[in-house]
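Below is one structure. I have some questions about it.
As written, the chain order gives the labels A, B, C, D, E and F, with residue 1 at the start of each chain.
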Amino acid sequence: MPQTPKTAAKKRPIPTRRSPVVKGAKTPAPAHRGAEDDIKITALALAPGKLSPEMEAYFKKCEEKLGFVPNVLKAFAFDDAKLQAFVDYRQELVQNAANLTKLEIEMIATVVSSQNRCFYCITAHGNAVRQLGDPMLGEMMVMNYRAARLNKRQRAMLDFAVKLTQTPWEVEEEDRERLRRAGFNDRDIWDIASVAAFYNMTNRLASATDMRPNSVYHGQAR
Amino acid sequence: MPQTPKTAAKKRPIPTRRSPVVKGAKTPAPAHRGAEDDIKITALALAPGKLSPEMEAYFKKCEEKLGFVPNVLKAFAFDDAKLQAFVDYRQELVQNAANLTKLEIEMIATVVSSQNRCFYCITAHGNAVRQLGDPMLGEMMVMNYRAARLNKRQRAMLDFAVKLTQTPWEVEEEDRERLRRAGFNDRDIWDIASVAAFYNMTNRLASATDMRPNSVYHGQAR
Amino acid sequence: MPQTPKTAAKKRPIPTRRSPVVKGAKTPAPAHRGAEDDIKITALALAPGKLSPEMEAYFKKCEEKLGFVPNVLKAFAFDDAKLQAFVDYRQELVQNAANLTKLEIEMIATVVSSQNRCFYCITAHGNAVRQLGDPMLGEMMVMNYRAARLNKRQRAMLDFAVKLTQTPWEVEEEDRERLRRAGFNDRDIWDIASVAAFYNMTNRLASATDMRPNSVYHGQAR
Amino acid sequence: MPQTPKTAAKKRPIPTRRSPVVKGAKTPAPAHRGAEDDIKITALALAPGKLSPEMEAYFKKCEEKLGFVPNVLKAFAFDDAKLQAFVDYRQELVQNAANLTKLEIEMIATVVSSQNRCFYCITAHGNAVRQLGDPMLGEMMVMNYRAARLNKRQRAMLDFAVKLTQTPWEVEEEDRERLRRAGFNDRDIWDIASVAAFYNMTNRLASATDMRPNSVYHGQAR
Amino acid sequence: MPQTPKTAAKKRPIPTRRSPVVKGAKTPAPAHRGAEDDIKITALALAPGKLSPEMEAYFKKCEEKLGFVPNVLKAFAFDDAKLQAFVDYRQELVQNAANLTKLEIEMIATVVSSQNRCFYCITAHGNAVRQLGDPMLGEMMVMNYRAARLNKRQRAMLDFAVKLTQTPWEVEEEDRERLRRAGFNDRDIWDIASVAAFYNMTNRLASATDMRPNSVYHGQAR
Amino acid sequence: MPQTPKTAAKKRPIPTRRSPVVKGAKTPAPAHRGAEDDIKITALALAPGKLSPEMEAYFKKCEEKLGFVPNVLKAFAFDDAKLQAFVDYRQELVQNAANLTKLEIEMIATVVSSQNRCFYCITAHGNAVRQLGDPMLGEMMVMNYRAARLNKRQRAMLDFAVKLTQTPWEVEEEDRERLRRAGFNDRDIWDIASVAAFYNMTNRLASATDMRPNSVYHGQAR
């Protein structure tokens, strides 16, 4: 398929906090064991590339808002264009869901990652569910989402995401109908699918490269 | 995670042909049955949005080079920003692989899609393998890649992609080592993983929405 | 169990065309890559045996009607008695289905073979579905039959065949009832089961021996 | 594919005993529960057809040699031509294996049937292994063939049959090589595949129709 | 978790017969092949320990009532405290089910063991079903419990046990409700779960150690 | 099998602390969401029974040492004899492993429970790994043990436990040999198998009853 022509400048909204840094709180001292994960981020020897000013600014914003740059971004940083495309894609196809809450997006991300047993993604998104929802909800998304007492809407959403993860070839109109009966419209179905599909991608990229989550994630919001 | 700040204009290479239109050849008349697929592209009722000039130009280029706009792009076109992000991501994370040939990329795409039994993606990428390789190679990628008499490099590449598709949680250093022994370097491992991961995403997006391939694909390069 | 005593001469109907040779049309020149498949038919070194006059006549008829002898018959030809038994069994247990159309038989054959990812059988029977039905129907049977918009009868038939292929131990009265509700009688259930079971056998015989389909199949009826 | 022309009379060897009737021994009185299985043989209402003289003679021979007609034959008897084709096929493709012993054929049949959890076939062939081998060997073939202390040849044979049953698409040259290293030649590989494939067929035919084994099997050779 | 303090003497009911020794009947002469299983009970070299008087008495009672000591007890006998705990646990959590019959307990044990293909446990519990129920029921529990014509209660009980064995993570309130609708109360649900869970444990202990069943089991109650 | 005769008083070692209560530290206030789990422990309505003095003392000891009584014990407390048998069995078959460290036992427990996606057991044993090992090790045991950089001994131990959990029927001498090569003796193999088997039991008991972990577990040792 053709490659895209030169693009005009993009408009992107101001970054928003997802995992807030508690001011004044002592940042969890990186434990000796975690330190390794914060240094050797993947199993691949890929020399870090030069960041564009835009991505440099983005990393700086991460440091300010989160207290760290998520390792997945550092892993992509060996090639600035890939990094940029990844950040954009995630913003448009995941974060810009019309009616899903941030918590719901993270619930899908965690449950999909749990099916795929991806250490990086379960860690990062389990953390987000703990922060946006509550600690126990995060644990249940990691371990077995069926243990959570979800409302009909969220249960249908996660059942769809899990089926799409495990046996996408069996997803049919009946499955979309179940989402509609649970209150979702067609745009929502796109968004749920888009989020679940995205994490099926990142899970595999992380597993293929033994990507390691920032050690700070483990202790937050417990 | 923060959203990215406003971005400067991107440099994108001129599109290249993948599935060339043979000039003077009669475009396969869309059979009655295929016509439906060319009109109702997904099971979701999403009103087409307004395309940016950039994406409009891109669609025009598709028409010129391929003779049609791939339905996956039309499916994304209900939201121009998503479309743009998808096109960019695919270009950077799939098409810009350092050392994989276009044929190899399409082989991975077809084999992954075959594992996930995705009608859209098997059709589109099986077509590409037929065009870039040969018709029978395309068939074997669709049906069972183990039937093809591949060289060690390509077999290792596809074995990795299939394992990453089916049991990503079991991918370990030993699997990366097998790729290295087959002649791939760490950048190649990233690229193979990135391509395989990408199609694990699109397979699920297509299956979730019952995305239909352009009917013209079926008859080409047989 | 006892072996059968000497048998009286069989009455067999005149062969009927399934994949017609279009007179005057140029037989697709066997591509170089396919040529190999037309010469070395299996991975086993089995010297061709002497054909009985009956089987010789049958091979001649294949040449006349189809333009070639299907490789599966050549594969069996190392032992004339096996060949004869195979041909007879297929005729009685597959082709003589009371109420299934030829197309339906080939749909079952293709879908079962797709579940078992058998290169030979998907190729040969996918070809037959394209010829008896239409090209796109053939593709969907090969890739994912759920993508086809089948009527209730054919969907029930294929669902049964797939369950019987994947988890035969879970087939119970409820499954037979579903077929009856879709309009099949008990003789039809036998026939559907018989066809699905037969291709579960040939799939395995082909996979065990790396049986290669005639290269001519690939380009037909596209 | 063409149907076969009228065939000349077949030469068939005299039936041989597989499950001998011990003269003078009291035939196990069919227990009340078993009686049902001996009367209602399948879940399908198929009126028994008229047997050809040849098949009538064959049934008589079964009665003499075994003390009963195996229910699978009665199940086929609604259509004499199907019955005949089944009996012939089994004789040529299963019983006429060049170098496999009768016991080995039955071991494959039982192990394949155990994978497919087919009540009819496990019962009938487990019985045969008990008779031709010994009772405990029969039990292990039924329950888990890995528990048996088999020689290298038989273990390789059964491993191949099980792989061919479960994941035929993964059978490759390496698997054939393992058989060759265990002492089998290419004709033997055909035969092992042919036997395993045949029971993958009958297992499914039996499961699809809820075929019931003759009750007498259960008590024999314990 | 803390270990338990010293315990007071337990009250245990008098042992009851499960697999009665028919007086005057000739104990099946251990066949040569079975003899091995009666001597080398597991693949582990664990020196038999000294039995407590209590366990010694228990073994004696087994000899009297059954005619032999089940090999699983001998396997545990390398450590008297483990043996005692196993015997107690089985008595309390399996044998003391409130409303399940002994036959039902053994049906669960056999069906669970069949799912796990455990040679030891299928043998021992299949024997018990034959003795407490009837021979053919035992065979069906071993081969495929779906082949048995069970009443609604027993079918629900076994379906639950099988699901709990294969995909425990998918067991939810709906599954418990199905048991309640079939006539079970909450105490029964505990007991069914407890029995199914127990044999999921012993199956694995037996498989891990290649535990061999007493050869006498094979011939009993056929 | 016979039930055991009356038993003499048992000698049990003094309980040891596993999850120590930090004196002076504020016990984590049960969050509102966790509170539910601490009150309604299972989905079954089973009236709490009267505890024996011995078990009452044991519960008191739990309160002192851990700060709470683990819910699994409360779940068993509807029947004192079952509770006692469970506690004894766990002590003898799990805690009294000869050469496995407490950490290793908990690693097996967590990894097995993760395979079975058991919310209760992953929570309780993941907590123990965090306490006995370190927080990140606990997380990796929960999410994907392959992500941990384990030494050869512990990796072999967990690989064995996982295989025994997923496909016990495929465990053979080769698997035991691998453990021996990693430094384990036959007694250790028994213990590893015994621990893995035990948690395969408790996972199923917990899943069958929707057993809820004490809410205090979630926040500890992060």
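Quick note on the criterion: contacts are C-beta pairs under 8 Å (C-beta built on N, C-alpha and C of every residue); 3 or more make two chains touch, one makes a residue touch a chain.
What you see is a predicted model; the values in this text were computed from it and never measured.
*Asks:* If you apply the touch rule, which chains end up adjacent to both chain B and chain E?
*Replies:* A, C, D, F
*Asks:* Where each step is a move between two chains that touch, what is the least number of such steps from chain C to chain F?
*Replies:* Each step joins two touching chains, and the minimum needed here is 2.
*Asks:* Could you classify the chain D-chain E contact as same or different, where same means more than half of all interface residue numbers appear on both copies?
*Replies:* same
*Asks:* On a CA-centroid basis, which chain has its centre farthest from chain F's?
*Replies:* It is C whose centre lies farthest from that of chain F.
*Asks:* Using mean CA coordinates as chain centres, what's the gap between chain A and chain F in Å?
*Replies:* 32
*Asks:* How many angstrom lie between the CA centroids of chain B and chain F, rounded to a whole number?
*Replies:* Inter-chain centre distance comes to 47 Å.
*Asks:* With centres defined as the mean C-alpha position, give me the chain E-chain F separation in Å.
*Replies:* 23
*Asks:* Do you know which chain E residues sit against two or more other chains?
*Replies:* Those would be 117-118, 144, 169, 172, 210.
*Asks:* If each chain is a node and each touching pair an edge, is that a line, ring, star, complete or other?
*Replies:* The chain contacts form none of line, ring, star or complete graph.
*Asks:* What chain pairs are in touch here?
*Replies:* Applying the touch rule to all chain pairs gives A-B, A-C, A-E, A-F, B-C, B-D, B-F, C-D, C-E, D-E, D-F, E-F.
*Asks:* Applying the document's contact rule, which stretches of chain C touch chain D when the two form their complex?
*Replies:* For chain C paired with chain D, touching residues are 1-19, 43-46, 52-54, 57-58, 61-62, 65-66, 70, 78-79, 81-82, 84-93, 95-96, 116-118, 160, 164-165, 168-169, 171-173, 176, 186-187, 189-190, 192-194, 196-198, 200-205, 207-210.
*Asks:* Which bits of chain E are touching chain D when the two form their complex?
*Replies:* Contacts found on chain E: 31, 33-34, 37, 114, 117-119, 122-123, 134-137, 139-140, 142-144, 147, 210, 215, 218-219, 222.
*Asks:* Chain A touches which residues of chain C in the complex?
*Replies:* Its residues touching chain A are 144, 146.
*Asks:* Per the contact definition, I'd like the list of chain B residues that touch chain F in the complex.
*Replies:* Its residues touching chain F are 169-170, 172.
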